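Paired with chain B in one complex and with chain C in the other, chain A is shared by the two complexes that follow.
Showing the complex of A and B:
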């Protein structure tokens, strides 16, 4: 009788330990998913920063941290169908906007695919080159990246 | 004899309980209280400081389209040559830089310190106050001038 009671208590403790382990493991997984989503938002902002469709270049030499203003304008007016089919694999669910800060100027929405979920906002300062006057304005690119769940 | 056996069993149970508690404590320590690395925060701040400084110095101003780096080079001279209207290059470039920094960092609620100076004149342009006791992201960019190399510094505070 005693042996059975001891075995019973032992198994109860074992089950409690296992439940506790599962809780801890699921907590760790939630943290890992959040980290992956954060890294994904960084990937999107890095990718758009070095996107050939927007980058400034002169004789095939790329000017880092610079967007060609005319490329930005052209990209902004692309139809949504093209953006969905061509750029969705790069940006997934995100909103990418370029705003000219100095001198005061316009704002362009380059890509906009939203969803109801947590989002991460990244600001990237950029120069906006006017290739006709060869002058650079100061602008910021705002990347709002939406998570998968 | 029977009493001794019961005591031994209780001892066994106690050992199991102690081992389980130890296991739980380890799990709590390594999973729940594991220091969280904020990769995104670190990346965002480093990238923001570097891009911000780089973009600012390359921006053309409304003062005859001279770049901010050009105005800083002039401001470093003992006798500045450039005037934007009636405003000397030193004051003009300071106002433009404040304008850009405030508009960019307003949403992020980040405090900043900006300075540009040469060895002989370390305070050509100074915006904000440097706080050496706070955690900050510092970016430095050298700029050649007639008065020697100018050091442009941007600190972003958490």
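Showing the complex of A and C:
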């Protein structure tokens, strides 16, 4: 009888310990997932900053941190079907917008695929080049990334 | 007598109790042992999954950064795990164990990547026709042997190809590490290959003319399975005068069956596509990445077409109109077999861009 009681207590303690361990492990996982989702927005903004569809170039030589205004305008009017099939593997559920700040100007939505979930926003400053006048204006690119649920 | 009998009954009871205790100890002991074995097994599984997850995350980070710079070679260190490369749903992907595959539309690799050196090699190169469309990403193992066979008619081609390939060794943490195991050999019929115990062997044969040389392998690759011996014949059709490999042309992907070869044809345009064919195990994996690249070419050409149309109201109207027509033609290409159309329109766009610069008008790209 004594032996059985000892075993019973031993198993109860073992189960309690195991449950505690699982709980701690799952808390750690939740933290990791949140961090990954936050990084996703930064990943998207980093990736689009280097897209040849938008970058300023001269004979294929890239001018970094600069968007060609004519390319931005052209990209914004691409049909949604093309954007879905080509750019979804890079941007997933995101809204990407470029706004000219100084001198005060237009705003272009480059990609817009939303869903009802938490979102993280990253803002990146960019130069906007007008190739005709060869002048640069100051703008910002806003990337809003939606989490998986 | 009855006392003796009573005593005997009590002894029997005692013996039974002792036996019961031993059985109980055995069962409980066994259960505890099983429990701990199960925990250890589970922990091992979890830790393996964690390692695979870390490698996948590293791979994803490299895929993202590969979009940024071209001509970069990097070695990723990883435990001796097998990475499977496939094309599910038209999207190339790298899969480790039971992890969700890391997918990247413009990746080219053999169907299985593993390395006793615990490292995989990753190289990025831009595909420009004539404007940069995207960076292609090539993944391989230093344990795969690439054999470049010289062309009898034009030996300079092999030097150009060697110049196009990533370096054999790169420096990492102050050490020279093997990045890509390639060597060139003289053409003989049959080819004499030395067995260097590689799990995959790929023979690359580059010719400037359409009269191909026969590829036969002499006995020698005992330690490589027949299915892991493959060959690629690259035939250049038309090239840029300034660059002997900036061409379009035909490809034949060969698979070895022990006695002979079975080949399937495809096409290429640009140096990045030649590299893509070299790194891809077969036609299916090559065309998987190329089809995605053509979709990207379609959308980027659409962007340039609209840009040229918007600029055509300015000076250099005719040049922009021509550029818009070339970009339109490029945006309509859907198959890699149309490599000649891509090459011709790209060449024309390149010339137009030069003319725009000469006329002091904003270049298209």
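Assume the second predicted complex is superposed on the first by the 149 of 149 C-alpha atoms of A that agree within 3 Å, B and C clash if a C-alpha of one lies under 4 Å from a C-alpha of the other, contacts with A are read in each partner's own complex, and residues count from 1 in each chain.
As a working rule, a contact is a pair of C-beta atoms (placed from the backbone, for glycine too) under 8 Å apart; a residue touches a chain by one contact, two chains touch by 3 or more.
Model, not experiment: these values are computed from the prediction.
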Handout entry: Superposition on chain A - do chain B and chain C clash or fit
Key = fit
Exercise for the section: Please work out whether A:33 is in contact with chain B alone, chain C alone, both, or neither, and reply first, second, both or neither. Expected result: neither
Practice task
Figure out whether A:22 sits in contact with chain B (first) or chain C (second), or with both, or with neither.
Solution key: neither
Exercise for the section: Once the structures are superposed on A, label A:109 by its partner contacts, choosing first (chain B), second (chain C), both or neither. Expected result: neither
Exercise for the section: Could you tell me if A:124 is touching chain B, chain C, both of them or neither one (first, second, both, neither)? Expected result: first
Practice task
Answer with first, second, both or neither: which of chain B and chain C does A:137 touch in the superposed model?
Solution key: first
Handout entry: Contacts of A:60 with chain B and chain C, given as first, second, both or neither
Key = second
Practice task
Check the residue A:8 against both partner chains and state whether it touches chain B (first), chain C (second), both, or neither.
Solution key: neither
Handout entry: Closest approach of chain C to chain B (Cα atoms, Å)
Key = 14
Problem - Common ground on chain A, meaning residues reached by chain C in one complex and by chain B in the other - result: 3
Handout entry: List of chain A residues in touch with chain C within their complex
Key = 3-4, 7, 14, 43, 46-47, 50-53, 57-60, 62, 68, 70-71, 73-75, 77-78, 82-83, 85-87, 89, 131-132, 134
Exercise for the section: Would you mind writing out the residues of chain C in touch with chain A in their complex? Expected result: 21, 24-25, 28, 35, 64, 67-68, 91, 103-105, 128, 130-134, 295-296, 298-300, 302-307, 310-311, 314, 353, 357, 362-363, 365
Practice task
Under the touch definition given earlier, write down the residues of chain B that touch chain A in their complex.
Solution key: 6, 9, 12-13, 16-17, 20, 23-24, 27-28, 31-32, 36, 39-40, 43-44, 47-48, 51-52, 54-56, 58-60, 62, 65, 67, 96, 99-100, 103-104, 107-108
Practice task
Sort out for me which residues of chain A touch chain B in the complex.
Solution key: 2-3, 6, 9-10, 13, 16-17, 20-21, 24-25, 27-28, 31, 35, 38-39, 41-42, 64-66, 101-103, 120, 122-127, 133, 135-138, 140
